[in-house]
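Chain lettering (A, B, C, D and E) follows the sequence in which the chains are written, and residue indices restart at 1 in each chain.
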Amino acid sequence: GSHSEPVKIGVILGFSGPLESLAGPIGDAADVAVAEINAAGGILEGRSVEVVRGDGTCADAAAGTAAAERLVTSDGIVGMVGAMCSGTTGAILQAVSIPNGIVQISPSATSPGLSTVEDNGLFFRLAPSDARQGQLMAEIISGKGISSVALTYTNNDYGKGLADSFQAAFEEAGGSVTINAAHDEGKGDYSAEVGALASAGGEVLVVAGYSDGGGAGIIQAALDSGAFDTFVLPDGMVSTALTDRFGSDIDGSFGQLPAAAGDGASSLEALLNDAGVDGASVYAREGYDSAAVLLLAMQAAGSTDGAAVAAAVLDVANAPGEPIGPGELAKALEILAAGGDIDYVGGSDVELIGPGESGGSYREIEISGGEITTVTFH
Amino acid sequence: MAVKDREADAFLIGDSMTGGYGSGADILHGCTIAVSKGEIAVIVGPNGAGKSTAMKAVFGMLNLREGSVRLNGEDITSLSPQDRVAKGMAFVPQTSNIFTSMTVEENLEMGAFLRRDDIRGTIEQVYDLFPILRDKRRQAAGELSGGQRQQVAVGRALMTQPTVLMLDEPTAGVSPIVMDELFDRIIEVARTGISILMVEQNARQALEIADKGYVLVQGGNAYTDTGKALLADPEVRRTFLGG
Amino acid sequence: MTLTTRDILLFCAVFGLIAATGFFQSWNVALGIFNMGLISAIMALGVNMQWGYAGLFNVGVMGFVALGGLGAVLVSMPPVPDAWAAGGLRLIVALLAGAATIVAAIQTWKRMGKGLARTAAMIAILVIGLVIFRSLFDGAVEAIERVDPAVSGYLGGLGLPIVLSWPVGGALAAGAAWMIGKTALGLRSDYLAIATLGIAEIVIAVLKNEDWLARGVKNVIGLPRPVPYEIDLQRDPDFVERAASWGADVATASAITVKLAYAGLFLTVLVLILVAAQLALNSPWGRMMRAIRDNEVAAEAMGKDVTKRHLQVFILGSAVCGLAGAMMTTLDGQLVPSAYQPLRFTFLVWVMVIVGGSGNNFGAILGGFLIWYLWVMVEPLGQTLIGLVTAGMADGSWLKDHLIDSTAYMRLLTMGVVLLVVLRFSPRGLIPER
Amino acid sequence: MIVVENLHKHFGGFHAVDGASLEIKAGTITGLIGPNGAGKTTLFNVIAGRLPPTSGRVLMNGEDITGLPPHELFHKGLLRTFQIAHEFSSMTVRENLMMVPADQTGESIWSSWFHRGAIREQEKALLDKADEVLDFLTIDHLRDEKAGNLSGGQKKLLELGRTMMVDARIVFLDEVGAGVNRTLLNTIGDAIVRLNKERGYTFCMIEHDMDFIKRLCDPVIVMAEGKVLAEGSADAIMANEQVIEAYLGTGLKNKVQAEAGA
Amino acid sequence: MDLLNAVVALLNFVIVPAVAYGSQLALGALGVTLIYGILRFSNFAHGDTMAFGAMATILATWGLQAGGVSLGPLPTALLALPVGIAATALLVLATDKLVYKFYRAQKAKPVILVIVSMGVMFVMNGLVRFIIGVDDQQFADGARFVISARDFREMTGLDEGLAIRTATVITVVVAGICVAALFWFLNHTRTGKSMRAFSDNEDLALLSGINPERVVAITWIIVAALATIAGVLYGLDKGFKPFTYFQLLLPIFAAAIVGGLGSPLGAIAGGFLIAFSEVTITYAFKKVATYVLPEALEPQGLVQLLSTDYKFAVSFAILVVVLLFRPTGLFQGKAV
């Protein structure tokens, strides 16, 4: 295309369907990144960036694929942020991104299966594979001298993968998991699950779910019935939605989420909040970072060609280079334009390893006084 | 032609009605039926002649393309069925003429839906007429035998205390003894000044008590005369009344 | 039953819509819609057999579609030798033991006379059987699922060409339908509905939770394909040359070639099923089915074995749904159990049948294409709509921002409106039964 | 042909059929009459396999057929009509008749794919047969009408027409006459007699029209309150005091009949 | 003492939650069953009607809360209920006029109406999300508990706690009142009987002088009231989220059907049956057993009949079994 034409990128998330309430903030955060870049004069010598949204639905791979297909072949997007759920992500990758040579960066797909998928080098994700988090969570819990936990997970690839890797690691470390029970999203009533969890017993309850979905429902029911009062919260659970709802009732609960050491996370959260986006929502920061990495890679590659962009992603995301935090996209563009090297850190401490996924540094948190407080970084 | 003259001042008249169901072909072709105050008019004719259709047309359950319906001199062609009920008309259709899931007594109560006065007395009258219904008052009407259902249907219509009573084959399936009762009762009702318009296949008995008889064929009037006269007409007897 | 001019015009209109998508957006999108439209049409045909022919209210379509998907995995994925070694045999023995228990229980129930002894014997058999089953099964499952859980953790499939899975998927669905039919077909319409709905949920629960079978919610991805990969085409110099001679860029040409290949396969299946369905429907068999649907009591009195016929058509329809399910999983290239939602896989198919015209095979097919087209296209439609509505508003106004934020929800809303409009103008479906 | 032994059918506490025993002899046209609610239709329903009996047995030519499903009875040559018409309402009148015969090749889905020729021939024969029956019932002009759109009496005729599509051995008619024009009913009566004489059908018919009963039936069985009250020739029955009291009455109808007879 | 603990544990984790969930389902099922009983179709839009009613009430509640109105220990939302009911009634009446009326006049088959109601469902779905968004909304105020687990433990000195929530109590009471009122209304008032007559035989109802439009309107108004009440009580207990209301549709239908479609009593019974089967069958009796049994017999495993993974499936399996033995549901529903 000519130089004055805008560069179009797609943002495909589950805007309708079971995880619809998570999709909004992620998409909006991506918009914030794009707006920042446009304010800095765009990429590739002044081309502005335009976002085209598509509904991945999270539940209907075919509809998600059709949306992606349309974005790529009709709207003419040259890169894609998405999809949200691992299922749709895999489908779109196979059916659309690979055939059309489009770079796809998912902010939130965490299924370990995606690590080994045949992707022709086009697929990246900023969320770490769940395998690593499970291990870390086991370490943190054992570190507190807790030896027996009850475990519940949201019944999808994220929850199941996390729960399995955690259970394996925790039992390895000598702990015992009294029960490992799934819960389904959006089912409203969780008394049966909590009944079983309570009966199985355990010092704390590990909830591998979503903070505005079933996970919160489980905590509510557990608190109501007095079954548990301390919860272990992995990434999907840590958000202000949780503290807004339960306040200091869950004081003493703890957990971890992928996040950078330093203040990238908090400054991005502030940045997003200023733009009217819930910066604390799960994967919102990764949404911003995904869009940023994608566009910076285009700038670095000096073109929108898929293969070239794919090759540039790792350069942009990893050291060496000038570290780039949230809100510093203008600076990054400048450096790249001048032929320099950057190391994008962003709000989620982006560091891509192996097959192009986040290596995973984590922030350990604790709830105290109804607030999420950072304990340390791993 | 005495009958024809009296149609002008008939209490209820469906005048040269033409029409059919929905957008289908016409079933009625300029058919006229009428009944005067306190009289019994009987419609007979072969199956599919349009008797039931004519009754429904008079009751406003199908759109007429031509013709009109007048009650007591007033044109009611465009009134809805439930408004006609309010004007004192009552109708027992030929099929699905009871509320099957409701009890016998509730069926009768529904008949009196528009009445605001005490209906106990009327219910008792119906039970006296059809004693079997008293035994079955708490039973769902759908569980009754064919003839018992028919009795419920007629009872329901009587509950309205109408000024015009329209009956589509009220005696189909009822036993002879009940049929006699029913005809007796119909004569009685007519004597109180209520007009009765009925379709009958038990035509000979019906024409016997009729002040006026209509023979419908293919949606039009074939013969119209007093009941006795029709009964006496050998042609009518042979072709329509089974000899 | 022949097509009237109006019907043909309707078909032309729907294909015209899809073609317009090709002209104005891209042929890739259009072909993508067409391919899923073919699969939807087959599903709709299956439901139409059950509802349109025989009046069976099956709202468990999702379950049969999912079983078809399972068939695709079981046939086409390579076996996992480690898992087989770890517990494959034990698992099979366990399943056989389970089946034997049930058969034994049923036989006892049939053979023994009524009474306490029978109940006691039955319970004893069931309890002992359950204990044996669980002791074998639990161990085997644990062993299998421990084999590299992140990428396998299941037994894998047979490693056969995936096209073979289509009939197998149909057969799996038919088997399930047989079991369901045996127990639940005596129920009256709405009650049959809830039974099938429930059984579909059970099928999905099994798919989600039995990891040894098809990895449960961890999903199976990267199923083999019956057609070439785009990437391979793009690397094939012959193909590149040919694409150049057509004047298309290679990526587009390869994607379209692959889609056309799928379309050819799917179309063949659809035509075969359609011909079989039409022949049956227009023969005395179809007449008998319609009679049964109209009035079971009278049909029974006229010597038709209603129960048997219901079972037959239930199995046939379900098998067709299973077949379509296997085809869909093939097209998706993955099996994602949590994606099976009743709204999408049961009720949307019902919408297809009703909007198209139940009782009419061509109606069902038309409905399949049209509704799928809308399901995909309501998203841009909704966006356009919001764009139009907000065009006149002042920038930055609260309402405008709110509306633009809500664009995503326009998807279902538009779907609803379109559905209501279509049904308003043809309440008996676009191509009604004659 | 059919023997009913001490049959009971109870609905809750209500005894609709209360120990009825009767025999329908082969080759007869047996009339079954009785007051409304006597249990006639219920008896039919039990014999024809629609309802399971509470107790008692039904024998057909010595074979116990109690509780057999209707479709099996149909194959044994036992047919029935319904008092409240059970037409196949969304099918055409002709199709209503054509679906009746059993063992049509085309009723197997397999044959519908691979034996088109045989089916075509059978269909032609069926079609002719159906048209013949429709002609006879004077509803041939309605052959392509949806059965649901027929008039009340026409539906009754269709009910009867279905039994004429096959070679039955025994036919149970539940008030075929109700709602049928009397002139036509006479023709139907003639047909019944003809089927009985020429083809050896046995009939058992419920009817309230005593003219009709008298013309056709011998013997006549009277039921009341679930039991058999009397049995005999039509004349004997009509003179039976008990029957007059319970069923016939002495009112208008008899007067009219007397006149008609005169 | 241990026996007491066992009983309390059972109460706290099985009985009370099942009663709470059951009565929530029952209230929803009541609306579904009424539409089925009178208008003769399965209304798929009911879940979203509940969401709409709850949303309208929430907006009104916020208004009241902003105005400083409160009901003390009871949630303010109860005060806002009439507003929600009125808004919902207007919505469903408008829907009826715009949509359903046409199909009634056409005498369309029930299944057509079912599909049409899905169209309505999509539209309402969008409408609710348009107005209030997809997020969780908390609007409960007042006291959350009648008695909390901790208070109970302190009061009785037992190891086990027993929590009873205000919302549960309100829901149970309201469900009881609703079913009694509905039962009485349908069976003993003229209007109620005319509604049943209408559902039985529409044409004949006309012939009895019953005004069908009035019957339909009254039905919708009652349904709107039931849906709003159910939606609000559910929201008070669990929080308001549009997607959950849609998901609730399935168990609600299950409850209505197992109870016998068209029967208000059946809806209640069905709701409880579903809730109890979900909770009991998947409950791990380990804790209870530990209290009751001597130490030697203490169970090793969880003593759980089936894992909670299959909770939904199990309740459906039970449904199927119930239907096999009572083919029209517990309370003799009707089938179209």
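Please note the rule applied: a residue touches a chain if its C-beta (ideal position, glycine included) is under 8 Å from a C-beta of that chain, and two chains touch if they have at least 3 such contacts.
Just so it is clear, the model here is predicted, and its values are computed rather than measured.
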Contacts common to chain A and chain B (chain labels): E
Set of chains whose contacts include both chain C and chain A: E
A-E or C-D - the one linked by more C-beta pairs in contact: A-E
Most remote chain, CA-based centroid, reference being chain C: B
Centre-to-centre distance between chain D and chain B (centres being mean Cα positions), rounded to whole Å: 28
Between chain C and chain E, centroid-to-centroid distance (C-alpha), Å: 30
Between chain D and chain A, distance of the C-alpha-averaged centres to the nearest whole Å: 74
Inter-chain centre distance, chain B versus chain C - centres from mean C-alpha coordinates, in Å: 54
Where chain A touches two or more other chains at once, by residue number: 18, 20, 24, 155, 182
Set of all touching chain pairs, with the criterion as stated earlier: A-C, A-E, B-D, B-E, C-D, C-E
Touching residues on chain B, where the partner in the complex is chain D: 21, 24, 45-48, 51-53, 94-95, 132, 143-148, 150-151, 168-169, 172-181, 183-184, 201-205, 208-209, 238-243
Residue numbers on chain E that touch chain B, as the complex places them: 190, 193-194, 196-197, 199-201, 203-212, 334
In the complex with chain A, residue positions of chain C that touch it: 24-29, 32-33, 36, 149-151, 208-209, 216-219, 221-222, 230-231, 251-252, 254-255, 258, 328, 331-334, 336, 338-339, 341, 344, 375-376, 379-380, 383, 405, 407-409, 411-412
Chain E - residues contacting chain A, complex: 9, 12-14, 16-18, 20-21, 24, 129, 133-136, 138, 144-145, 148-150, 152-153, 161, 163, 165, 234, 238-239, 241, 243-244, 246-248, 275, 278-279, 282-288, 302, 304, 307-309, 311-312
Complex interface listing, chain A residues touching chain C: 15-18, 20, 23-24, 53-55, 59-63, 65-67, 69-70, 72-74, 86-87, 90-91, 94-95, 98-101, 111-118, 120, 131, 155-157, 159-161, 164-165, 182
